[in-house]
Every structure is written in structure tokens, then in C-alpha cells.
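Heads up: the structure comes next, in C-alpha cells.
Each chain gets a letter, A, B, C, D and E, in the order it is written, and its residues are counted from 1.
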Amino acid sequence: MAGLTLRDVKKSYGPVDVIHGVDLDIEDGEFVVFVGPSGCGKSTLLRMIAGLEEITGGDVSIGDRQVNDVDPAERGVAMVFQTYALYPHMTVEENMSFGLRMNGHPKAEIDKAVKNAADILQLDALLKRKPAALSGGQRQRVAIGRAIVRNPDVFLFDEPLSNLDAELRVAMRVEISRLHNELSGSTMIYVTHDQTEAMTLADKIVVLRGGNIEQVGAPLHLYDDPDNAFVAGFIGSPRMNFLDAEVTGKDGGVTVKLTKQNDTTITLPVAGDSLSVGDACQLGIRPEHMSVSDGAMLTLKVDVAEHLGSDSYIYAGSTQGKSLTIETNEGRNARHGTEFQIGIPPEKAFLFSADGLRAR
Amino acid sequence: MFPKPIEKSSRATQIGYQAFLPLVLILWLLPLIAVAVFSVKPDADFTNGNYWGLPSSFEFFTNYGRVFFESDMPRYMLNSFLITVPTVIGAIALSSLTGFALGVYKFNGNLLIFFMFIAGNFVPFQILMVPVRDLTVSMNLYDTKTGLILFHIAFQTGFCTLFMRNFIRQLPFELVEAARVEGVAEWRIFWYVVLPLMKPALAALAVLIFTFIWNDYFWAVVLTQGPDAQPVTAGITSFNSQFRAAYHLMSAGSIVAALPPVLMFFLMQKHFIAGLTLGAVK
Amino acid sequence: MATASAAAPTARPQRSWYKRNEIAATPWLFLIPGILFFSVYVIIPIFQSVWISFHEWDGLGEMTWVGTANYERLLTDDRKFDVSFWNNVRWLFLYLLAIPAGLFIALFLNQTVRGIRLYKSMFFFPFVISQVVVGLVFSWFYLPREGLLNAILTFFGMEPVNILGDPALATYGIIAAGLWPQTAYCMILYLTGLNAVNPEQIEAGRLDGAKGLKMLWYVVLPQLKPATFIAFVVTIIGALRSFDLISVMTNGGPFGSTRVLSFYMFEESLSEFGFRMGYGAAIAVVLFFLMLFFIVYFLYSMWRDEKGAR
Amino acid sequence: ELSGDLRIISDMSNPAPRAVMESLAAEFGEMHPDLNIELEIVDREAWKTQIRNALSANPPDVINWYAANRMAPYVDAGLFEDITDMWDDGSLPGLDAVRGAMTLNDRQWGVPYTYYQWGVYYREDIFNELGLSEPATFEEEIANCQVILDSGRKCYAIGTKFLWTAGGWFDYLNMRTNGFDHHMQLARGELSWTEDEGVRETFANWRRLIDMGAFIDDHQSYSWQEALTFFTDGEATAYLMGNFAVAPMRDAGLGDDQIDFYQFPIITEGLAQGEDAPTDTFHIPSGAENKEAARAFLQFVTSADVQTRINNGENLGQLPVNANSSVDADEFLEQGFEMLSGNAQGGVAQFFDRDFPAEMASVGMEGLQEFMVFPDNLDDILERLEDARGRIYE
Amino acid sequence: MAGLTLRDVKKSYGPVDVIHGVDLDIEDGEFVVFVGPSGCGKSTLLRMIAGLEEITGGDVSIGDRQVNDVDPAERGVAMVFQTYALYPHMTVEENMSFGLRMNGHPKAEIDKAVKNAADILQLDALLKRKPAALSGGQRQRVAIGRAIVRNPDVFLFDEPLSNLDAELRVAMRVEISRLHNELSGSTMIYVTHDQTEAMTLADKIVVLRGGNIEQVGAPLHLYDDPDNAFVAGFIGSPRMNFLDAEVTGKDGGVTVKLTKQNDTTITLPVAGDSLSVGDACQLGIRPEHMSVSDGAMLTLKVDVAEHLGSDSYIYAGSTQGKSLTIETNEGRNARHGTEFQIGIPPEKAFLFSADGLRAR
């Protein structure tokens, strides 16, 4: 078992820089999730750690060993691919034992490792089947089993659940989480662009954008205290509402008026050192934090209301501004066209300067 | 990618590979290169035993001139075109119909008919020789291009149907269903929806059939004789007996005969390779 | 919106028979020309050939029923048939060498250096050229004195050989010539197959520590199975269609040692000294049964695949 | 007046004969302006397998073929037109001497247009250099050959790829060893290949040459034209061939002082010498469309002056079949004519593949080729021939 | 415009019965969603309505017309396929007008219809493009446009959004909903296996299982008042918890003890006519209805806790029973292994008899 260190890691494909110098420390036994929009370099980073892509610059160390030029098979990592990459011509058992067989481990040891992994993942009944005869979730489990068998220091997952349907995805998510508890001590690095997965699985989330790290932190830390508008928008579902605003006063907090919402004013309890009166800025408020009773009240008209049972999502706009999303469990009566009032509680709102940085 | 991409190996390996490639290619094509060199040599080189050396003089025009002006080669070439082109058109037309029928519709016997086409296509064609020759003779088509064309069309239909049908199978069936829901007549679905989508397959097949037919020798010998109707493959043997032991002329003749499919291949390379895989590997 | 209502079905008067049965009838209408052609020129002739093979017939006059006499002679005391048959067997087995050879070249060429596309197509070249030309080229290559092969052999201080003149070697010499285009064919099949190999499986293999030959054997080859299957089929077909090369390179000689069944049947059926159509047909039928083995195998695998599909 | 189409298929595919054929067609066309002549020249070797096809399917009006027994399959199959009437009614003046060669079942099935002697063509210059003279007996022949071999050359060029050249050697060796009549008996299937002592003797004589290494190596890989280079290069000093070989020899640059000709030497003393003098012919397929024009054409090519012209040294370089024609003043034609008219008392044979039934010839020549390469296989070969004899003659 | 009636509709493929006799009435202008697990026959039913599959038994009527043997084109239906089935070689405009052109409508009329549809779907700018040059969402819109152009009585959608990614799916969902409002009066039948789509779009949901209809009703009706355990479990996300129970008393409601939860008892305000004391049954409670303060209290230990920001999902089990899912917005401190108490409010719980039927 081992931690992992990236120091100024860079990657370019020919003239194109894809990773711009990433520094990251991962503790032994941590579950780290890389998130970010498509094309931001998550997979590339993961594959550099695995040794499947060459490292253009910087150092990758696993444990205390610098592994830049070490063969993938010898880094002590195991990877679970998005498409599982099971060998279709081998049975589940052969798939799982393939790595050990290739490296000449004794048969007894291999059998034991396979049995152990099969136990953990409840694959015993499937050992003699070929991948084609398995369901998506079972294939996923075999792919994980193949990783477990090799008893690696670091597990790497590249969007392992994105090929599963919604329900199965939830189930497998829980299973992976359980697995991390069971294999306590294994370091896991997990790539996804599904932020629910990130929130629920991670000890630590790494938010990437365009080859740079935007923020690193525990999931709820990112949710509660994002560094910038990008992270704030990316973490949390439904997505945070952003409202155009302008600073109108700075005493005892920052007072802004919402320029597209009838100039409604609201005072946020933040210092806002970076802002001066008259600056354009953005106010962020999560759909679930809008309140019928509390804070600066807006008058909106329902575009579409979706009722999911306990919760409702209401998409509503004022005459001037773009549509806001409101999540509420008291919205069952909202219908297209009705007008209503909703408040922004100042203590739940975030303020971002024009360049997207959080004003605290 | 397997094997390991060479650009991930050391500089020396890369250079080694790059240098090795042309060498291997030359070895691989050695016989052809030899013929190409033969074809520009003067007669004297052969009498002097200079078979494999450089040409003592460059006789391109003399040799090829004789091929074109002192033999029936031009006629044979023309025949080949007159046989190959209608065959390509005919086989493709027939097989897009059968391919469509077999690929789109579910009906009793679909698979059976499909298998009939495949099986017929793999039959050693010698078994057809006697009856087909007879048939051709009795239709008064012996030693005519038409006789050869008709047979080629029929025989190639087997292969083309296999190819077309598999290709149509790969098209999303919803396209047909969407058109049906919109009330489009079946033959219009074929013409306006399926056929335009088969363009790549048609192109690939056209190239493939062109080469097959151009290179056919057996049937040319069985169903035709003489420069009236025979294609260039048969022509080349008769050309060669005319110029027996005149290696330079035989080479030039062979090159002329081989050129059209080679050109076709180079011009339509993409389709050609697509064709081979589409048709074969499904 | 309302104006477009003409699009909705209006009157539905009595429809024609075709209209009512459009979906059932159309495939048959589409199939008729193809089936007609194919039956007349391919399917029926197969049966005719079998029929003819029980006769003695010169192609002109009356056919005389001789029962299985043709087959009896063929299988009991016809040396030419024996030679041809065993040569066919040789062709079948040795021609299969094109498969590993094609794979080898494909692996060699499966890189992305500059100009590789051109190289690939140049390597494919021999396949496009007519067998007649290939045969011719190779017979010069083998020429006993002037041939390039012997030039090379003597260069390395070896004895020259007369491959096409030696009954023990001639067939192999022709097969080698046939392997040339066939290898190119297999190569291209494998190249496209390699293109389709799942890169993630290769990467998984790398993580699992499979390298080089092990990777090839355990991970890559299984994925190339479809390509191998097709290569196998086309190679077998090619092996049984070796007529062109033989007739160009040796014309069956020396002293008939390079005959194969297809060549022999051509000789018997259309030779100078009389059309032995019945005997020729019997040879063709034997060849057909040899091939049937593979046709059935091929159809069976197709059928297995089809079962899964729609 | 002749009209319509006249389709001719000719196998005169070598350069010189080809030119002759083309000029004949052109000339005949000029004589008959309304006649549209279509001339197809096909490969001479290929024609041997195509002829039957051509006769039975869509037959042309005139074709080339060979005389004697080689006509038999087509005559028997009814594919050749019976033109006995032309021979009878005097339409073919001057051809009486060759009528026999065209006769089967007492009828005539075509006309000859040329014939030529066979014999040993040799490099006069090299003979002179080695101090050799034309041999008259087999022993002299062998002695000469030994000298030639010692000088680093081969005695005989030959290319047996198309088999029939070996037939020439057998014809001569057998006619000289056992005589013309024996040879013809063999051809008619009256003698056994395995039992007959004479046949074995012939092969024994042949084997003496083979064992000496008299023939060029790898002859089974060459056509006769390809083997000719050995002769023109001086690597082999003699070539047993028909007179048609002279034209390509000259084309290759050999002057008349470098080539000469002698009659095949005597082996068994006292036997009258038989000679091969194959006759090439024109026939009318029985299915021809324009038989009238075809007959006219046959008359035309056999006429005395046409015969004189096409057979002269610049054209075919062979012997005219019309008695009223003159033999060209050519060293070889004169010698040949003399030999055939004066020194072939044994009889004139057509050639192995014309005297033997076609199928027997085919099996036979394959065996002869094998014998030349593997003389040790003789017993096996003879058994095969005997087998074939049993089947073919019935 | 027309309603739709299915009467005892059956379908079998050879010996396999796929649809077992379905009766269904769809009002003119209604938005009906078919949901159900994979393979339950949703697509088959839809395709039978479209005329793409033959009807083995029963009657399908559109409006007043029995259409069993009517050509697809003449049923007045339009279908939007899961894969869109756009003709790749035609421009958007040609795609939309193809059906009309093939049936010989006058050009002016066609143009008008296309323009109208393009307006509704904001496709004007894309009319000259080919499908390959469109994004997933745009293709989806074109596919719908093609349906609109034909001005059908009934729109049929077969999982039209399942090929889009999560974010786009939400957006298109809202758009389809808006479209139904705009084309007021069009009957729409929509197949999905995503229950969120079903909940948010439908006027009426048809829940199918194994070729039978389980329940038909308005979305919130199904949520609030499912007829059986299958529907209760299928509608609502996360899925309802089911607890094994046994009836212990029947006065003033039904009293059950939770056999796997320390025999905790709870009295539900239902009549429960079908149940007698001693019967095994199941108690259902939705994750979002579990309460920290209210109802029969259970003691559970956290297996996995997922924190999504405002909400948390807690998967927790007692020593005896299977794991329960709890949705709460006050669970941030839950960690693997901690014990806690949670209540089942009786008025929110459902009771199902052993055969899965709801006991009311």
C-alpha cells in the first residue's frame, strides 16, 4: 500500500499541452476522485499514473519510488477501464488470473487470490462463464475483481460506471464504496464526470479544468466552500443558479443589487475584500437553498414544474432574467404559468467576482 | 495498438524501422520491379545475358510502342473494358436488389436464399464449366463479350449479394421503419433511403469486382477465343507466344495488362480496403 | 398547423393487390432477377454437372449413360487423377501458410510512421495483379539459368535449381508464387483486423504484464479471430482455384506433375483429343465435394452468427 | 462474286508466319471487295486445346490445322467439311502429291499450305572451329558430340516445355533404329511399348546421348523458342528442328555461314531413311457459314504462285505443296527439298503428334519428356504408355 | 386528433407470449408514458400501435377506427425513434419533408409544414445541415420535427432521450414537455424506463410488467397511492424500502411487527381487509419519508453514507435485516459504522400483502 505524489506533471501531445503541470499528494488509503468537464484531462492524468501514457514533464511517485519510466505492470497499480476491457475469449476466472499467470505466480497462490476476489464480489457462481454471458453490472464486477486479484497498491478507475444504466449505477456505486471500506488501506483514484459519484465516493475530490487543478478538497468542503464559480457550479445537483449582480454597498457585508431581477438588493455576510462598489459580480444560490419564507424575495413565473414525488423542481423566470431552478418539497401545486415568490437566504448565497473567484 | 507503437521506442529503433521498411518493400516487390525494369530494356540486354543488371539503354518507347502498335494488345484491352464495366454495373445492380430484399425483409426462406448465394459463390467454378459453356453455345453467345458478361454478372451476384446484404444489415433498421411510418412505398425506400446510404459499399464493390473481372482468365479461356472477344488476361498469353523469349516485350505487355486494376486500386484505395473488410469480415 | 392536415390519411379506396401485400411481395420482386441469373448460371449447372458426370459425352452428340464408370476409373486407375488430387491436397495445406505470413507482415506494418499508408498499399499490390501476370513473373523469377532466384542462390554460393523443371519441386514453386498475392490478401485482412483490436484490452494486457509474443498469443490473436476465419476461407477457396497459375507457369508439366483437379478437368473437358465432358464433370464433382466440406463449415458459422442477430 | 463475312482463325502466331497470314488475308480481300474478312490469329500452342471448342461452338469459315492422323478426331466428330469434290474436280491443280496426307476414310478434309523438312541444324562456324564435319552415322554423331562437350558446349538445344520437340527426337531415333514401318506400326497402336524390343533399343540409343549430357540442361522449362538462344549463343551447337526454325535463327543474327543442316544420321545400317515432314493445313469447319468463300480461299492459298511466294525464305521459309511452285533459292529449302525427294526412301512421316492419335501423343510425349529428364524411369513410363495404348486404340 | 383504445391486445413471437392482453384507453390530447423494466414489452406495445409489429390478438383503435390491419402510414401516427433514425444523406429540411414529398403533397404545403415545425423547434438555422453536423440534442429535435410535419393524431416516442447525456436529457425533457403544451391536443405516447422522465412528463403513467399492465394513473397518484409493491418500488427514487412484517393485530388500523427489526411494532391507519392476524406481509416506506423524530423507531448502523450537499443518502441496516435507504437533509455526520435511530411515520408507510397487493 502506498501513497502517490505528482510533482509538476505535464503532458503534451505534440504541440498541444493537455496537462499543464499538476501537483497533487494522495495519502495512502485515500479515495480520490478526479472530476471535471469532458476533455479536461482526467483520463490522461490517470493513464499517466498507470504508465499507459508517457509523462512529458515532472515526476510521478508511487510510495517512495519515482515511477516515470517504470513498466505499467511493475508499478503496483491496477486499472478498471470504462469499457471493462475484459478478454472476451477467457472465462471470468481466466480473466481474473491472467495477470498473475503472465507473471508466473504459482497456481495455488493464483487460485487463492481469485477465490478471495470472487468472494468479495460475489462472483463465485460466475467463474466459468465468459464475459459475453454476463450482465453489465457483472462485467463491471469482474473488471474490479481482476484488479483486486493483483493486490495492487493503487486502484485506478476510469469512469467505471458510465456504461451502466441509472439504477445499476447507483447499486455499483454503493458496492465500490463498500469495497473501499473492505480493502481498507488501498489507495483508489477514480475518474468520473458524474458529480453525484464524486460526491458520494470521494474522500477527496480533485476538480480539473483544462489541464489544471481548480480545487482539491473533501466533497462537502467543495459543496460548502467552493473557491470559484466553476467549482460551485460543477459541484451540486441541480446546478447552482447564478444571478448577475452589482455591488452597491460594503458595510457590514457586501450589498449587491440583482440587475436582472428588478434590482432587488441583498446583503451578504462576507468581507468581499476584492470587490468595490460598482463592480459587476455574480450571486450564486443553490436550487435547494431557495426558500419560500426567507431572504430577499423574487417574483417568478413557473415555466415548467417537475414533480418527482417528494421533491419538485421548478424552472421559473422573471420577465427580465434567465430561468432559475428551484428545488422544493412543497411545490406540488406549481403549474405552468403560475406566479410565486421565492427568497434567497443571504447566509446560503455565494458571491463571485467578475473573473469567477469567490469573494469571501 | 499492437504491436507497441514504434514512436514509443528508442530513436535508434525508429530509424532502424524506417530504414528497414523500404528494404522489405523492395524485397517484397522484387519480382514486379524486375518486370518493370525488363520492360524498358533493349532486346540486346537479354541476348547479352544482362538479365538483372541495369538497362543498357532506356527503351520505354520502343517496347511499349510495339505493344501498342504491333500487337492486338489494344484490342484486348478494349475488350477487357467492354467486359468489365458492364459486368460491374450489372452485378452491382442485381445484387443491390437482392441484398436489399435479403437484408431488410423477414420472410420464410430468407436465410435459405441467402445461403444459396453464398454457397454458389464458394463453389469451385470448374464444376460450372461444362454446363455454362454449353448454355453459352446454345444461346449463340460463345466467343462474344455478352456471353462472358452474362456469366460474370451471374456468378459475381453471389459474392455481391453477400456483401450488400451484410452491409444493409449494418444500416439502422429504424431508417426503413421510419420511412414506412411515413408512408413511403417499398421501392422508394430502396431508391431514396437505402441506396444513397449504400454508396460506400457500392464504390467498394465496384472496385473489387473490377479487379476480379479484369483478372479473370479461366472463363475467358472457356467462353471466348481470339482477339474478338477475349480480355487482356487471355490476350497476354497469346501476346507472349507471339513474342516468346522476347522478355522485354512480354514484360511491357504484362505491365500494360496489369495497369488498369493497379490504377483503380490506387485511385480508390480507401474504398477497396473498406470493401475487402466490409464484404469479408462483415 | 391546421393547414397541413392534408398529410393525414384521407380517402382509402380499394387498394390494389400489390399495395395490400407490399411488404410480402416486394422482396420477391427484388429477388427475381438475381435468383434467375444465379440459378441459370450457377445453381442449375451444378446439378447438370453431376448429371453429366454419369455419362460419356463429347459435348456434341448423344450422352451415353455409363453410371459410375467415370468415378470408378477416376478413383481406381487414373494416375493423372492421383497426381492431381495429391497436388490439390498440397495446395490446400501449403496455401494456408499465407495466413501466418500475412499476419507477420501485418504486424510489421501496423505502425503509424509517416507514409505507412503508402507502404501498406504497396504491400497489397500483388493481390491486385492478375494471376496470369503473377505466374509469368514468377516463371521468370525461377528461370533455370537467368532467373533471379538462381542469381541470388549463386551469389550466396549455392547450387542453382530448376524449380519448375523438377517434378519434385515444381508444385511447390507454383504454390510459392500463389502465396505471394494470397499473403498480401491475408495481410490486408489482418491489418484491418488489427485496427479493430480493442486498445483497452491491449492496455489491460500491459498492466497484466503480458508482453510481446504472450500479448500476441493471449490477447491479440483471440481478437483477430474473425479476420483469421475469413483469411482461412478465402485461402482455401484460392487454393482450389489454382488453375491460372498452373496453366501459365508449367501448363501442368513437367510430365504432368503439377496438375491439379481443376486443371485436369479442364484438360479432359476441352482438350484437343476430344471433349470428355462426362469425365471432366466427374472430376469437378470430386472437387466440389472436397470444397463442400468448407462451404458447409462456412455456412454453419454464418448460421451461428445469424441466429443471434435480428 | 463472293460476299458476306469470311472468318478465319489461324494459329500462325510466330512473327514470320503471322505476317504471311495477314498478307494472305489482305490480298484475298482485295480480290473480293465485297467480302469482309475477319482474321483471328491465336496462339499456336493454345490453339491445340482451343480448336475443338472453336469448331463446335460458333465455328469460323477457315481454320488451320495439321495433316494425317491429327485430323482424325475432328473428322470422326464430323467437325471438318468434306471437300473431296474440290480434289476430284480439278479445283486444286498441282496438289496430287500431297493428297494422301489429307486423306482419311478415303475422303479429303482440307488442303495443305506448307510443309517442311526436319533435320539437324547446326552451327557451321563452331563445327569448323572444332574441326568437325557433318556426321553420317550415329557413331560419328556421338564422336562429334563428345568433342563438342569437351569444348564446354552442349550438343543439342531443345525446349520440351510444350512436349512435342521430344517427339521429334523419338521419331528420328525410332525411324533410324527400327525403320519407318515399325514407327508407323507403333503409331497405329499395333506394337506394344513394353514388349517390343525395337522400342527399347530406340530408348537405349537415346539414353546414350542423355547420359553423355548431350542435351542442354533444364530443357523441360523452355519452349523451343526459348531454347533457341542456346543455339544462337553458341552454347549448344545443334538443334533437331523443323525448317521454320531458320527464320528466327536468322532474326537472331546468325548468317548462312554460321548455320547449316544435315540429315539425321543413320543408326541401323541398311534401313531406308524415313523423314518427318509435317504438313500444315487449312480446313473448313462443317459448321462454317460462308463455305463458298472458304473454298475459294483454300483454292487461293494452294495456287502455285501463292505457294511459291508464301513459302520463300523471306516468308515462311518452307516448302510449297503445289508441284507447280518453285522452291526458293534458299540453302535450307533446297537441301530439304532434295532430301525429301531423293533421300527419304523409307517414307515421309508427319510427326509424332500427327501420326499418333492425339491422346496417345499427349500421354506419349509427356513420357518422352520424363524420359529425357529421368531416363531411369523408363520402365514405368513404358508401362504407362502401354496402359494408354490399351485404352486409346481399343 | 384522436384518442386511442387498446382492447385485449396480445402479441406473441412464435410460441413466446410477450404481451398478454392489454386494455387501455387514452384520451385525446393526453400525454401517456409507458414505463416498466427492460423487456416488459413497452417497445413492442408502441410498435404495435405504430403498425410496425403485427397484432397477434385484440384490437387497436385510433379515434373511432379499428387499425389492426391498416398500414403504418395510414394510421395517422408519427414515431420518434430512440436512435432518431434520421436519413443521414438528407438535410434537416429534406428529412422533415421526406414523407410528404414521397406521398406527393404539393410543394407549397410541404414548405409551410416544414417551416411551421422548424419554428416550433427553433430549427430554422439548421435546415440546410445534414444530421452528421448536428449535436445529439439537435438531432433529437429534428426527429421530433419530422413527426410534427406530418401533423399526426398520435405521437409515439420510444425512449427518445436515452442516447443523450444526463445534462442534455434534462434539457430535452423540459423541451418535450413544453412541446406538448404548445401542440395542445396532440396525443402523445412515450416509452421510457427512466422513472424521472415518466414522473415529470406524463399526464398518465402506464406501468407495465412482463407484458401486463400493473397500474395506470397520474404520476403523483402512483407515487402516493400505488396498487401494489411493484409499482410502489418502481415509482420514486431512491427506491422504496420494503421491510418484512407480520400482522399482529387489527383494530383501529393494522398492527404489524417488523420481523427483521427486533419485532418493532407499528400500527398503520389502514383497514387491511385482506389481511388477518399472523399473515406475513411487507411494509413499504420511502427513503424520503423516514423521519428522525417521528413514528416507530428503528436502530440502525450506517453501512454507507452518501452526502450530496443538501441531501444525504444513508444506507443502513440492523443486525438482522437487509439494508435500508434513508434520504435526509440532516445526515451530514453519518459515517460508516455509526449507530442511529430513525422512525417510520405510520401515515407515510404502505402495507402490502404477501402477494404484493396493497392493503388499504
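As a working rule, contacts are C-beta pairs under 8 Å (C-beta built on N, C-alpha and C of every residue); 3 or more make two chains touch, one makes a residue touch a chain.
Everything numeric in this text was worked out from a predicted model, so none of it was measured.
Under the contact definition, chain B and chain D share the contacting chains C. Counting hops only between chains that touch, chain A reaches chain D in a minimum of 2. Counting C-beta pairs in contact, the chain pair with the highest total is B-C.
Note: Cα superposition of chain A onto chain E, rotation of 175 degrees, nearest 5. Centre-to-centre, using mean CA coordinates, chain C is 41 Å away from chain D.
A separation of 14 Å divides the Cα centre of chain B from that of chain C. If each chain is reduced to the centroid of its CA atoms, chain A and chain E end up 28 Å from each other. Centroid to centroid, with C-alpha atoms defining each point, chain C and chain E lie 54 Å apart. Of all residues in chain E, those touching 2 or more other chains are 73-74, 99, 103, 150, listed in ascending order. Contacts with at least two other chains are made by residues 59, 219, 270 of chain C. The set of chain B residues that touch two or more partner chains comprises 133, 185, 221, 237, 240. The part of chain C that touches chain B in the complex is made up of residues 22-24, 26-28, 30-31, 33-35, 37-38, 40-46, 48-49, 52, 59, 105, 107-108, 110-113, 116, 119, 121-126, 128-133, 136-138, 140-141, 146, 148, 151, 180, 185, 188-189, 192-194, 197, 199, 202, 212, 215-216, 219-220, 226-227, 230, 233-234, 237, 240-241, 243-244, 247-248, 261-262, 265-266, 269-270, 277, 280-281, 283-285, 287-288, 290-291, 294-295, 298-299, 302-303, 305-306, 309-310.
Residues 48-53, 56, 73, 77, 160-163, 217-221, 357-359, 361-362, 366-367, 369-370, 373, 384 of chain D are the ones touching chain C in the complex. The residues of chain B lying in touch with chain D in their complex are 47, 72, 133, 136-137, 140, 142-143, 221, 225-228, 237-238, 240-245. Remark: chain E residues 166, 170, 173-174, 177-178, 181, 193-194, 196, 199-200, 219-220, 223, 235-238, 286, 288-289, 303-304, 306-311, 313, 315, 327, 329, 332, 336 touch chain A in the complex.
Across the complex, chain A meets chain C through its residues 50-52, 71-74, 77-79, 81-83, 85-89, 98-99, 102-103, 146, 150.
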